[in-house]
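Listed below are the structures to be examined.
In the two complexes below, subunit A is the common chain; its partner is subunit B in one and subunit C in the other.
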Partner chain A sequence: MSTPWIQVEDLHLARGGRPVLMGINAALHGRAVGLVGANGAGKSTLIGAILGILAPQKGQVTVLGLKQPEAALTIRTKAGVMAEQAGIFPGGSGVDAVVFAGMLSGLSRREALRRGHRALDALDVGEERYRPTAEYSTGMRQRCKMAMSLVHDPEILILDEPTVGLDPPGRTQLLNLIRGLRDEGRRILVSTHILADAEFLCDEMLLLDAGTVAFCGPVSTMLKGREARFIASGDGLDQALADRLSAAGVPAALDDKGRLTLAAVDEAALQRFWKVTAESGAAIRKLDREAPTLEEALLATLDAPPVNGGAR
Partner chain B sequence: MTGIPSSIHVISTIAQREFRIAMRRKFLRVILVMGFLPPIGAAVVLIVRLLLRQMQGTDVGWDPLPFLLQFQTIPVFLAALGLGTPAVSRDRAEDVLYLYAVRPVSPTLYAAGKMLAVFLPVFIVLFMPIVMVIAVRQGILGSEAAPLDSLADLGKAALLTLGAAAALAGATVGPSAATKRGRWALLLSLAVMTLPDTVLKVFGKGDDWAIGPINVARLLVDTMFKDPVWLPSLGHLAILFAWGISGFLLTRWRVAREMIP
Partner chain C sequence: MTPRELGIALRSYLLPLPRTTAFRLSLLGVAIVYLIAFLIRTIGRAPAGTEGELSFEMGKALLMPGVPIFALLVSELPLREGIRHRTILYPLLGPASRDSLALVRSAVTALLFGLAFGIMVVGVGWIGGQSLTSLGAPFLAATLGGVAFTAVFGFIQLLLARGLAAGLLWYFLFDESIAKIPFELCRLSVSYHVRVLAGMQEFFEIPVANVPAEHRLVSVLVLVVITVIALLATMLIFRRRDLTELC
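Now for the complex of A and B:
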C-alpha cells in the first residue's frame, strides 16, 4: 500500500475547553478525499490541525511525510487552501487579491501576476478580474477564492465547500476543474456537505461524527455490501404479493404509491420475483434499478455502532 | 510550487499592499504631497534670512528646522491616521485573517507588515523634508552653518522621526486591531492619542509632561533642538517607542485569536 499523504494518529484537540476531536486515526491515500460530517463534527478543526494552525493536546499529524507542528510553514507553503468562512483579501480587484495570495506564498510579484492571470483564465474569469472584489457575486467570489488557492501551484489542495453559492453551470465547471487537478496528480481534501460533489470528485472518504472517525477508506468500500434496489410498478401489486415475495426469499415492501421495493436482489432472486408475480396475476409494467447512493451509505455508516476506539 | 518565503518578503508584501490600497484614496495622496510643502517654506525662510543679512548687515538668526518639525507633524499625523486605522479593521471585518493563517504568515509577520505600512511612509514624510531643510540650510548659509551641527541635527532628526513613526504606527494600527470598523478605529486612535494628555492636564501636569505620541513628539523637538537636554529626550524617545511596541503587541495578540478556522 502507498504511503498516506495525510496521516493522523490518535489526535485529540479541544477548543475553548470543549473536546472537538477525540482520538482521530486516519491514513489518507486517495487522490481526492472527501471530508464529510455534520456541522460541528470537527471538519474545520481537523483542517486547522492538518495545517498546523491549531495545536492538538495529543496525537500526531503528518502531511506529505512532514510532521506537524515542526513543518507547519513548509506544509502551508505546499498547500492551497480555499476556505469557506473566509472571504477574499479586501481593498482591491480580483487579480490584486490573487497576486497578493501568490506573493504571500513566496512568489515574486511578476511571477504571481503571471500565474494569477493563468489561474483566473482557467476559471473563466474574464474582465471581471479587474473589478473591485466588493462588487463580486457569490459565484465570482468562489472562483476568485479558488484562483487564490491555486496561484502558487500547490502540491495539495484543501477545499472547504468549494461549490457553495455556484449556479449549476458554474458548479459543473468548478467540479470538472477540480477533477482535472486531481487527475494531474494533485492531492485534494474536499470538505463538503454536498455529497453528490464528494461522490463526483473523491475516491476516498473520511467521515467524522462528533469528533470521531465514523469511516475512513475508499468510496468503493463504503458502497460495498449495499446492493442495488429494484422498484417495480404495474397492476395488481398489493401487500399479499409483497408477503408472497418475501416468503419466497425476495424481500419486498409496498410503498404508499403502490410500488414494490425489492431489496438485496441478485439474479436468482429476480427470477423468483418474475415467477411469483406471474403466478399471482400481477402485471409488471416497469422495473427500475436504483444504485446505492453515497448519502445512503453515509447515513447507514453513521447509524452503525462505533468500533475500535471511535472508528466504525 | 514555492519554498518557504522569508520573513522580510512576507512583511514587505503585506506592507506594500496596504500602502497601495491606501494610496487609492485621493485624501491620502494629497496629504503625502503636502508633507513636502514645509521644506519649501523653510527654504524661503532661509533665503529671506540671507537676503536680510546681505541688505541690512544684521542676522535675524531664524532657524526654520524646529518650526518645520512642528508643522510637519500635521500632515504626518493625518497620513498615519489614514494609513493605520483601516489596516487591520478591514481584514477583521472581511473575515480574512484565516487566509493569512493558511499561508506561511504568522501573527507576528502580519502585525509587522501592517505596522511597516504606516511606519515607512511616516518616516519618509517626516525625515526626508528634514534632510532637505538641513541640506538647504547648509547650502544657503554656507560656512555659517557648521557642518558638524548639521550632522548632529541630522542624527537627532533621525532618532526623532524613528520614534515618531513607531509611535504613530502603534497608535493607529493597534486601535485598528481592536475593532472591525474603520471609523471606530479612527475614533479610538484619536482617543488614545489625546486622552492621556487631557488627563495629565486635568491633574495640572499638562505643561511639562506628555504621554500621547503627538505631544511627546513636540516635547522631543523642544528637548532635542530648541533647548537640548539629553535625559528628557531619551525619556520622550522611550515613550514613543513604547507606543510602537504596544501597538504591535496588541495587533499581534488580537489577530492571533482570529487566525484560526
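Now for the complex of A and C:
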C-alpha cells in the first residue's frame, strides 16, 4: 500500500477543557478524501490539528511525510487551505486578496499577480475580480477563497465546507473545478456536511462520530456488502404478496405508495420473484434497480458497534 | 526566525493595514486634532495673545491621556483584530512562524504609532506657535510613551478578550494613579516616565511626600525595557495560545 499523505496517530485534543478528538487514528491514501460527520463531531478541530493551528494534548500528525509541529512551515508551503471561517483581505478587491495570499506564501508581487489572475481565470471570475470583496455574494466569496488557496500552486488542498451557501449552478461549477484539480493529481481533503458533494468528489472517506473515527477507507469498501435494491410497482401488490415473497427467500417490504422493495436480490432471487408474482396474479409494470447511496452506507456505519481504538 | 519569515510577516501586516477600520479611524483622529489646533490658532475664540498657551495645554492633554488612549485603540491591530475578524488565519497558514508574526506585527505597530504620536504632538505645538527646538522633549515623550503603551496594551488585548475595557481599567486605575503617588512606587508606572520625559509630572498633594529624583535617561531606558518585555510576552503568549476562535 502507498504511503499515506496524511497520517494521524492516537490524536487527543481538548478545547476549553472539553475533549473533542479522542484517539483519532487515520491514514489517508485517496486522491480526494471526504471528512464527514455531524456538527460537533470534530471535523474543524481535526483540520486545525492537521494545519498546526491547534496543538494536540497527545498524538502525532504527519502530512506528506512531514511531522507537525516540527515541519509546520514546510507543510504550509505545500498546502492550500480554503477555510470556512476565514475572513478575506479587508477592504480590497478580489484580485488584491488573491495576490495578498500569494505574497504570504512567499511569492513576489509580480509572480503572485500573474498566478492570481490565472487562478481567478480558472474559477471563471471575470471583471468581478476588481470589485471590493465586501460587495461579493457568498458564491463569489467562496470562489475568491478558492483562488487564494490555489495561488501558490499547492500539492495538497484542504477545503472546509467549500460549497456552503452556494446556489445550485455555483455549487456544480465549484465541484467540477475541485474534481478537475483532483484529476490533475492534487491530493484533496474536503470537509463537508453535504454527502452528495463527498460522493461526487471523493474516493475515500473519513467519518468522524463524537470525536472518534467511525470509518476510514475507500468509498468502495464502505459500499461493499450493500447490494442494490429493486423497487417494483404495478397492480395487485399487497402485504400478502410481500409475505409470500419473503417466505420464498426474497425479502420484500410494502411501502406506503403500494410499491414493493426487494433487498439483497441476486439472479436466483429475481427469478423466484417473477414466479411468485405471476402465481399471485399481480401485474408488475415497472422494476427499478437502486444503487446503494453513500448516505445509507454512512448511516449504517454510524449504527454499527465500535470496534478497536474508537474506529468501527 | 529567518529574514524570509520576518519579511513575509511584515508584508502580511503592512499590506492590508491601510485598509483596516482602526487605521482609518486613527488617521481621522489625527486630522481632527490638527484641525482643532489650526482653528484655535486662526479663528479660535481664545482671547488675543493666549492662543499659544491654549495650544500648549492642548499638546499636554494630547500627550496625557491622549497618547495612552490612542495607543489602546490601535493596540488591537497587530493580533486581536485579526483573531476577531479571522483575517489572521491566512498569515498563520503561510510559511512564517507564530513568533515572527507576533513580534513583527506588535513591534511595527508600536514603532509606527509611537512615531505618529510624536509627530502629532510636535505638529500641534508648532501650529500653536512653539519653536521646534522646544518641542524635542514632548516629541521624545510622545514617541517613547506611544511605543511603550502600544506594546503593553497589545499584550493585554491578546491576553484578554475584553482587552479594550481591561486596558482602560489598567491605565486609569493603576498606571495613571500610581504615577501620581509621590514615592518611589511611581517608578513602576509607564505614565510617570512619560511625564518625566515631557517635564510635566503631577503628584497627589499629601503631607508626607518623598518625590523621587528624576533622571530622563533612566526613564528612556525604563520605557525601552518595558516595551521589549511587553513584546516578548506577547510573542510567548501567541506561541502558546490555542486559537480555537479560528477553527
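The rule we apply is simple: the second predicted complex is superposed on the first by the 312 of 312 C-alpha atoms of A that agree within 3 Å, B and C clash if a C-alpha of one lies under 4 Å from a C-alpha of the other, contacts with A are read in each partner's own complex, and residues count from 1 in each chain.
The criterion applied here is as follows: a contact is a pair of C-beta atoms (placed from the backbone, for glycine too) under 8 Å apart; a residue touches a chain by one contact, two chains touch by 3 or more.
The shown structure was predicted, so the numbers you read here are calculated from the model rather than taken from an experiment.
Novice: State whether subunit B and subunit C clash or fit side by side on subunit A once the two structures are superposed.
Specialist: On the shared subunit A, the partners clash.
Novice: In the superposed arrangement, which partner chain does A:I53 touch: subunit B (first), subunit C (second), both, or neither?
Specialist: After superposing on A, A:I53 lies in contact with both subunit B and subunit C.
Novice: So, A:F100: does it touch subunit B (first), subunit C (second), both, or neither?
Specialist: In the superposition, A:F100 contacts both subunit B and subunit C.
Novice: Could you look at A:G249 and tell me whether it touches subunit B, subunit C, both or neither (first, second, both, neither)?
Specialist: Neither partner.
Novice: Answer with first, second, both or neither: which of subunit B and subunit C does A:G180 touch in the superposed model?
Specialist: Touch partners of A:G180: none, neither subunit B nor subunit C.
Novice: Which partner chains sit in contact with A:G16 here, subunit B, subunit C, both or neither? Use first/second/both/neither.
Specialist: Touch partner of A:G16: subunit C, not subunit B.
Novice: Under the stated touch criterion, which partner chain does A:E155 make contact with: subunit B (first), subunit C (second), both, or neither?
Specialist: first
Novice: Counting clashing C-alpha atoms after the superposition, which of 75-83, 129-137 or 147-155 on subunit B is the one that bumps into subunit C?
Specialist: With chain A aligned, subunit B clashes with subunit C through residues 75-83.
Novice: Would you mind listing the overlap between the subunit B footprint and the subunit C footprint on subunit A?
Specialist: Overlap of subunit B and subunit C footprints on subunit A: residues 44-45, 47-48, 51, 53-54, 73-74, 76-77, 79, 81, 83, 85-92, 100-101, 103-106, 148.
Novice: Quick check: in the complex, which residue numbers of subunit C touch subunit A?
Specialist: Touch residues, subunit C against subunit A: 4-5, 8, 11-12, 15-16, 19-21, 85-87, 89-97, 242-244, 246-247.
Novice: Inside the complex, what are the residues of subunit B that reach subunit A?
Specialist: Interface residues on the subunit B side: 1-5, 9-10, 13-14, 17, 20-21, 24, 90-91, 93-105, 259-261.
Novice: Subunit B touches which residues of subunit A in the complex?
Specialist: Residue list for subunit A touching subunit B: 44-45, 47-48, 51, 53-54, 73-74, 76-79, 81, 83, 85-92, 96, 100-101, 103-107, 148, 152-155, 158.
Novice: Which of the residues in subunit A come into contact with subunit C in the complex?
Specialist: It is residues 15-16, 44-45, 47-48, 51, 53-55, 72-74, 76-77, 79, 81, 83, 85-92, 100-101, 103-106, 148 of subunit A that touch subunit C.
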